[in-house]
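Below is one structure, written out as structure tokens, with a few remarks after it.
By written order: A, B, C and D. Residues from 1 in each chain.
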Amino acid sequence: MSLVLNVLSVLAVCAGAFFFLAGTVGLLRFPDPLCRLHALTKADNIGLGLVVIGLLFRAASPLTALKHVGVWLLVLLAGATVTQLIAHIARPSGPRA
Amino acid sequence: MSFDIGLTLLVLAVAAWTIAARETFVAVVGFVAYGLLLAFVWVRLAAPDVALTEAALGSGLTGGLLIGASSRLRRSQSPAAEEAPGVVLKAAAAVLSILVSAGLAAIVLLLPDPAPTLAPQAAASIAATGLGNPVTAVLMAYRAIDTLLEIVVLLLALVGIWSLAPDRDWGRRLDRRGSTDPVSVLTFVAQLLVPVGIIVGIHIFWVGSVAPGGEFQGATILATMWTLASMAGLVSAAAVTRRWLRLVLTIGPAVFLAIGLAGFALAGAFLAYPKSHAKLMILVIEIPVTLSIAATLALLVAGPPERARQ
Amino acid sequence: MTATLYGFCAAVLVGLGLFGLIVHPQPLRKILAFNLIGGGVFLLFGAVARRGAAAGFGGDPVPQALVITGLVVAFAATALAVALLLRLTGAARQAGLRSDG
Amino acid sequence: MPNSATSGGFLLVLAIVLPIAGALLSLALGGRHAERITLSLMPAGFAVALAIGASVWRTHHALQYFIGNWAPPLGVAFRADGLSAAMMIAAAVLVCGIGLFARSQFPSPRYAETRAPLAFWTLLLAVWGALNAVFVGGDLFNLYVALELLTFAAVPLVALDGRAETLAAALRYLLFALLGSILYLLGAVLLYGAYGTLDIVLLSDRIHAGPVASAAVSLMTAGLLAKAALFPFHLWLPPAHAGAPAPASALLSGLVVKAPFFLVVRLWFDVMTRLPEPAAAELLGALGAAAIIFGSVLALRQARLKLLIAYSTVAQIGYLFLMFPLAINPETGHPWSNAAWTGGVLQAISHAFAKAAMFMAAGLIAEALGHDRIASLSGIGRALPITVFAFALGGLSLMGLPPSGGFVAKAMLLTAAVAEGQWWWAVVVLAGGLLAGGYVFLVLARALADASEPVPPLVTISSGRQAIPVALALCAVLLGFVPLRPSELLQIGRPDLAIGGLR
């Protein structure tokens, strides 16, 4: 049982790490700010989500698990906000006056 | 171990980038990353209390302050170019820095083994404080005088910053520039995040007596939430002359001092707590202190009272 | 071992910050470099604390507590320096406008 | 050193708590109360300083207090030996004088609170508390916090008028001070890592010669020198001290720069009792000598009175560091090394009085004339005779002419230099005296000259305000009646080793 959980955990964390890698490559390689933001949010949202899922399999207590999910939700919220704010400044027509 | 080596290299790379970056803003962003990485290092060094402080204060609040400053300076950059340092100066600085680093590294190797430590003494005395977190015991009992003076240092920095206000602006509200952002996303997220943050801040303060956390970490989070709310235009600071604001700022150190002086009568020394009530008295100090520190930190970030310029 | 590694890290950080403090003419970069040195010095406290792990604690709590005090003081210093710098920039610009006009 | 708190130790706590509580109260109540709180605390603070001095004198032992009954190394100790007591009394007298002098410059507002008075009175109390914390601190990290307290109280005083020049001076001062603090802290952590304590007395027992101790003490000393503005770290001092309002200049030049010097003395004579470092002491002496010559020559070339006085501070700080090569002698226990030590400390105290008086006098002159250009001082001697007299009395001490504290201090340094066969320091002392005579005379000659053209209408200065610099300058003169030998009060509580040569 614990072996299955461990395998699942490792798989999820690895998948998450892959999204982070892809997001970072996108951040560095994509041509304009909006595309870069797009790449970045993928890393934050899905990558971190997968890592959190991976850690859930190993959480010591339900409370710890809840904290993991809480971290993810807060990062989602912060990421979405900051992306929105940056995009507003960065969009081709410039910020709304 | 390999994780630690990787982390060390990363910290050093980001630090070097911060120094080498051409643009100040880029350097500041590098500094925030540097602070977050240092927080990891503190976890690796088995110092979770410091990790929390570093993340919240060293990286978060300091970073916010520097980002704000660099963007304001960029807007008002004078055309006159700053004189660039000459090659000779750079070379001399490099030699000096390498010598200092090498010397320090050598000294790290020369430190005695086994290392001298106060951990056993701190552990032996912790029962008398009623606390479970040794770091909090150091801050609130063994070396409480440092903590008391440090809170006064924070307040003095605030007096210093306020003293920079133009005379005509004394008594005005602390207006934050660009507070009423037309983009309502910030307002929305502030409404959502600030209550959560306040709960987290209070929680971190509250668990400080037994677990990692404490008044400084909690207060920093509270201050950050206030800053966020004021950026979103949800709250605005009172004028610096308001009596209640002054009371909030000074109540913490005042209670600290009062209980410290009461120690003369109750436990025979300044800042001594009677054994039976130590934990309670520390708590009575910590609550107003957290409030005062949070207010001071938030106002330190807000800067001197100044008319908002367009 | 970990403590020694991070002790080295601290030594290099102090050197890097010192270099930045000397070569950067802009005050904000100097403030930044000062914070970098501060990070290094505090990390040295951390290394010393880790070496002193005993009595069931992962590190000597005394230097750890000192770092917390130090971080707070460093923040206050940064805030005061930044406020001075911003006020100076404003005052210098006003003085410049007056002498131009 | 006894292993427990001594009776009367609580006075040390009061010396810090009184001004700090006053500063908090000033900030809390604000408005018109700040000045009143400061003035009403002055007698109490002065009485505490005297009580500490009396207690040290009577018991012939250093006072000691363990905060919260936690004994070092876990806890923090406060200690006051004869040196601390002397510095605290000097600080109390000066703070009281400065407070009385500043009343008309930072008056309480009648209705709404105003910025500068609130900041000044709060910061004055904070400087006082911080100085006392430095003088009684027994723990190197507690001293770091005390030094920061001092920095944060002192820096804003420079820029109270909000002009661009003073803001720039304050920023430069702050950056130097911060670099100094961080170097000091770096040294402190090395000492903790090597010896497991930050307590000065415990450290002096445990410390032994080696690279770690040398590096730590060098770093701490370098940091303190940056704060004390010893040549070549003096760059920040003249604009900051000359730009500040006169009462603040008196406080900064008279007292604030003495705190890091005091800690260097602590470090070299109390922590490193067993590590004679003649070579390093020679270096400190050489820097001091360079400061004397360089600062004096620059003072001679200044066109503005306040800048002249500020450069003279750079020079006078140099004298303080001559005591290191003379008092730390390869042949330990030279009978005159103790005199050199006393001379250095006496120079710190008498310069504090003399320089505060001179900055106050310069402030009054600038207030009366509306400027402080030395070239246009003619006629001021007739208009403000008392003020010019105070300036001259202070100058007496700087030059080292009898009767003055400066004379006794410099005579002790001079005699020690000759007696120990280190005559080159004697040459520097004499040259510095001559140069000081030059710049003091330069000012006096202008001030006493009859105005060739009609003096513009002067702002009248009340004689009460003029009396304060005279009183402080007279304190500097009175110190001249201290006997020419190692002072007994200053020796109380010094490690036995150092007293060896005295008896």
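Criterion: a residue touches a chain if its C-beta (ideal position, glycine included) is under 8 Å from a C-beta of that chain, and two chains touch if they have at least 3 such contacts.
Quick caveat: nothing in here was measured; it's all calculated off a predicted structure.
Q: Between A-B and B-C, which chain pair shares more contacting C-beta pairs?
A: By number of C-beta pairs in contact, B-C is the larger.
Q: Taking each chain's centre as the mean of its CA atoms, how far is chain A from chain D in angstrom?
A: The separation of the two C-alpha centroids amounts to 57 Å.
Q: Distance from the CA centroid of chain A to that of chain B, rounded to the nearest Å?
A: Chain A and chain B have C-alpha centres separated by 28 Å.
Q: Using the average of all C-alpha atoms in each chain as its centre, how far is it in Å between chain A and chain C?
A: So the centroids are 31 Å from each other.
Q: With centres defined as the mean C-alpha position, give me the chain B-chain C separation in Å.
A: Distance between chain centres: 12 Å.
Q: By residue number and range, which residues of chain C touch two or more other chains?
A: Residue numbers touching two or more other chains: 14, 31, 44, 47-48, 51-52, 62, 66, 69, 73, 76-77, 80, 84-85, 87, 92.
Q: Which chain B residues reach two or more other chains?
A: 103-104, 111, 115-118, 122, 142-143, 146, 150, 153, 156-157, 160, 164
Q: Among the residues of chain D, which are close enough to touch at least two other chains?
A: 74, 141, 145, 148, 152, 155-156, 159, 162, 167, 186, 190, 193, 196
Q: According to the definition already given, which pairs of chains are in contact?
A: Those chain pairs satisfying the definition are A-B, B-C, B-D, C-D.
Q: Once bound in the complex, which stretches of chain C touch chain D?
A: Against chain D, chain C makes touches at 14, 21, 27, 30-31, 34, 37-38, 41, 44-45, 47-48, 51-52, 62-63, 66, 69-70, 73, 76-77, 80-81, 84-85, 87-88, 91-92, 94-95.
Q: Show me the residue ranges of chain C that touch chain B in the complex, using the header's touch definition.
A: 1-20, 22-26, 28-29, 31-33, 35-36, 39, 42-44, 46-62, 64-69, 71-80, 82-87, 89-90, 92-93, 96
Q: For chain B, which residues are in contact with chain D within the complex?
A: 103-104, 106-107, 110-112, 115-118, 121-122, 125, 141-146, 149-150, 152-153, 155-157, 159-160, 162-167, 170-171, 241, 243, 246-247, 249-250, 253-254, 257, 260-261, 263-264, 267-273
Q: Could you please specify the touching residues of chain D with respect to chain B in the complex?
A: 5, 10, 13, 17, 20-21, 23-25, 27-31, 65-70, 73-76, 112-116, 118-119, 122-123, 126, 129, 133, 141-142, 145-146, 148-149, 152-153, 155-156, 159-160, 162, 167, 186, 190, 193-197, 210-212, 215
Q: Where on chain B does chain A make contact in their complex?
A: Touch list, chain B to chain A: 182-183, 185-186, 188-189, 192-193, 196.
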